[in-house]
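In the two assemblies presented below, chain A is common to both, partnered first by chain B and then by chain C.
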Partner chain A sequence: MRIIIDAMSGDNAPGELVRGGVLAQREQNVDVVLVGRTAEIQKLLLDCGAAENPHIILEDAPDIIDMHDDPSTAVRRKPGSSMAVALNLLKNGAGDAVISAGNTGALLTGATLLVRRIRGIRRAAMAPVLPNGGRGTLLIDCGANVECTPEYLLQFGYMGSFYAKSMLGIPQPKVGLLSNGTEDTKGTELVKAAHALLQDAAAAGRITFIGNVEGTDMFSGRADVIVTDGYSGNIMLKTAEGTIKFLMKNLKSALTASTRAKLGALLVKNDLNALKKMMDVREVGGTPFLGIKAPVIKAHGNSDARAVSSAVRQAVSFVNAGVIAEIESHIEFMKIRGGED
Partner chain B sequence: MNSIFERVRDIVCEQFDVDAESITEETDFLSELDADSLDVVELAMSIEESFGIPQIGEDEIRGIQTVGDLVAYVERALG
Partner chain C sequence: MRIIIDAMSGDNAPGELVRGGVLAQREQNVDVVLVGRTAEIQKLLLDCGAAENPHIILEDAPDIIDMHDDPSTAVRRKPGSSMAVALNLLKNGAGDAVISAGNTGALLTGATLLVRRIRGIRRAAMAPVLPNGGRGTLLIDCGANVECTPEYLLQFGYMGSFYAKSMLGIPQPKVGLLSNGTEDTKGTELVKAAHALLQDAAAAGRITFIGNVEGTDMFSGRADVIVTDGYSGNIMLKTAEGTIKFLMKNLKSALTASTRAKLGALLVKNDLNALKKMMDVREVGGTPFLGIKAPVIKAHGNSDARAVSSAVRQAVSFVNAGVIAEIESHIEFMKIRGGED
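For the complex of A and B:
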């Protein structure tokens, strides 16, 4: 297994990306390709004592796509960037998956243009897994496609279901459609049309569709997969992240406010650490782009070495799980013929 | 040897998952194939690869509206 890391993108690049690659190589026994300015990377590898590691391969890429680059044109304007070179390596079979902590829009466009979508998939989607106290809830899409058709949402339902089955270990993932009420009649025209398509897929026994779900079901565990358009999904994801930050910050303040509170916190220290770990993005890995021909994972922009290593673990599982082959084998059921919406 | 139109048409069919019979030189990417800007750039890249022509500029991509426009562009690029 060979995982390609865009070593120059992200808030902490290249240091944490290189250290994360080294950590993953040592802990997970995978080959790692570090893409970027080789002189800088070589120096960091020396500091890590990994300069001679035969399982760490360097690929030179002199340019960098940053947050100021236009996502829609970045990979074409900067073919020598670490992101474009990494994606081309994946396309050409020089690795099994790509991880990047860089510009999300550029990575998504780059993955679509260079690695390409699975034939028949209309749009790739971003599908992070959020904690729910169990195996997690997959939210698809969380920002790749602001405007969607019912067919896109149908495909997100299938792809999310396959990913949850293989990667979260849920034999029959429950797929819910985000709406403003659980009744079938609730929602926009898009939601109502997608509801009918998902219901048909469930009637044919291809997915387990539980109908509409609401925002409160993000953490309830009622649905294993929540399908939505990228606009609503992004707002939902950011709201959830903000709420978690707010709660954790205030919990910490409350537990350190007095000697009595501190004593209480000491008694539940292990439980609090478990909660903290569950909410820690460094443990989660990254966000997979579903619908692309090979695994591409967006790591958090401020990923440290541990987070990069977690993303590598996720990439290895993604490759081994056969999610892409399963999407390909079901593609005929995932399309609406005749372009009808 | 297939004509340029046939080669372009095959690439269009592959990308948009449509039958060859439905594609003519007049086929409009936006209104008939429901393409957006990302689709058109993706198509341009497939054309560049397939015909071995240099990168199609952003302004030129914006001017390609129909299959015929794309065929004409390829003919010009191949000289």
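For the complex of A and C:
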């Protein structure tokens, strides 16, 4: 297994990306390809005592795509960027998966243009797993596709279901459709049309569809997979993030508000840390792009070495899980009459 | 001032509604009209020692609209319901505002059909205020209008701004448009078109528009008013509610996880209670319907007497604030060429 890391990506590049790659190589017995400015990377490897490690391969890429690059053109305009080089390596079979902590839009466009979508898949989707105290809830799409068709949402339902089955270990993932109420009559025209398609797929025994779910189900565990368009998914994900941040900030204030509280805080510290860790987005792992021919994972922009190493573990699982083969073998069911063919 | 209470509404009717009305009458020197089954209400008043209170007026309504009634037809099908009677009293000037804890959709449809929209307002919107550690953030719309036009969103921006100015005491409320990114180019076609209209309104000096905001801004305080369609607003509100509930549940588990934590929990209890109270939806107050000719407030379905009394206080402020007159006097600016006229 060989995992390609876009070493110049994210807020902590290249240091944490390189250290994360080294950590993953040592702990997971995996080959890693570090893509970026070779001289800088070599120096960092030397600092880690990993300069001579034969399982760490360097690929030179002089250029960098950053947050200011236009996502829709970045990979074409900068073919020598670490992101473009990494994606081309994946395309050409020089590795099994790509991890990048860089510009999300550029990575998605790049993955679509260079690695390409699975034949018959209309749009690739971003599918992060949110903690829910159990195995987690997969949210698909969370931002890749602002405007969707019912067919896209049907495909997200299938892809999310396959991913959750293999990666979260849920034999029959419960797929819910995000709406503004649980009743079948609720939702936009898009939601109502997608509801009918998902219901048909469930009637044919291909997925387990539990109907509409609500924003409250982000953490309720009622659904294993929540299907929505990228606009609504983004709102949901960021609202949850913002709410967690706000509550954690206020919790901290409450625990330092008085001498009495400070004393109590010392006693509850260990148990609270477990909660904080559970809610930390960096612990959640990277976000896979589903619908691309090979695994591409977006790591959080502020990933540290530990988060990069977690993303490598996730990439290895993704490759081993056979999710992509499962999507390919079901593709005929995932298209609708009058779709984009 | 006379506030009309739909005494048969919500999970705790009529007991908590009647007790809330009595509480409000005593504490706020306001007249209350209790609408519902007079015999039941009379008995409850007797228990509170308020049977002879001349500032508590009873209006008989034999029927009840509940959660199983179809929202779009309920008020027409049940003209003798407490909700329909309450709204007709408001329409006929027998009171200054209506409070109901009942079926949200039925209340909205009823308010639109019976009390009617302000002339020129295309759709009434639901606008709850979320706590943000400061004066709160108004979210408009949060569920009344699933499918919107750019003009509706423009009107929500104005109405939210007027309400926040008077009710939250913010001289120049910062209005943000919910999107999947802060850049002007982000969003659905609806968002982009509404962005242009809100920008024009700001250029003319009529509102303060800060551009696109994200889900993370629900509690960040960056915007005082967040404008969105009812579908997305519902997702945002319910995701925030679900996240708070999940975190509070896990916080409770963490504080009882060990003997040490239990001891610490005793010490932090008071300071944590303030946090819990701040995040409690019942403390937030009711949700006003903006765009209706007279104030209609939806109280939370599980409102207790204290929450009902808070909703009465909010209704009194709403009447005194002159929000409706301000909307009426600005209505010409709030319409667009090619709108629904």
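We take it that the second predicted complex is superposed on the first by the 336 of 341 C-alpha atoms of A that agree within 3 Å, B and C clash if a C-alpha of one lies under 4 Å from a C-alpha of the other, contacts with A are read in each partner's own complex, and residues count from 1 in each chain.
Basically, a contact is a pair of C-beta atoms (placed from the backbone, for glycine too) under 8 Å apart; a residue touches a chain by one contact, two chains touch by 3 or more.
All figures in this text were calculated on a predicted structure; none of them were measured in a lab.
Q: Once chain A of both complexes is superposed, is A:109 in touch with chain B (first), chain C (second), both, or neither?
A: A:109 contacts chain B only, not chain C.
Q: If you tally the residues of chain A touched by each partner, is the higher count for chain B or for chain C?
A: Partner with more touched residues of chain A: C.
Q: For A:250 in the superposed arrangement: first (chain B), second (chain C), both or neither?
A: In the superposition, A:250 touches chain C alone.
Q: In the overlaid three-chain picture, which partner chain does A:120 touch, first (chain B) or second (chain C), both, or neither?
A: Touch status of A:120: first partner only.
Q: A:73 in the overlay: touching chain B, chain C, both, or neither? Say first, second, both or neither.
A: After superposing on A, A:73 lies in contact with chain B but is clear of chain C.
Q: Check the residue A:280 against both partner chains and state whether it touches chain B (first), chain C (second), both, or neither.
A: The answer is neither, since A:280 touches no partner chain.
Q: Give one of first, second, both or neither to describe whether A:40 is in contact with chain B, with chain C, with both, or with none.
A: neither
Q: Determine, under the contact definition given at the top, whether A:328 touches first (chain B), second (chain C), both, or neither.
A: In the superposed model, A:328 contacts neither chain B nor chain C.
Q: Which holds for A:187: it touches chain B only (first), chain C only (second), both, or neither?
A: A:187: touches chain C, not chain B.
Q: Taking the complex as given, what residues does chain C use to touch chain A?
A: For this pair, the touching residues of chain C are 132-133, 143, 146-147, 178-181, 186-189, 191, 214-220, 230-232, 234-247, 250-251, 253-255, 257-258, 260-261, 263-272, 274-275, 278-279.
Q: What residues of chain B sit close enough to touch chain A in their complex?
A: Going through chain B, the ones touching chain A are 14, 17, 34, 37-38, 41-42, 45, 55, 58.
Q: Mind pulling up the chain A residues that touch chain B in the complex?
A: 72-73, 76, 109, 112-114, 116, 119-120, 335, 339
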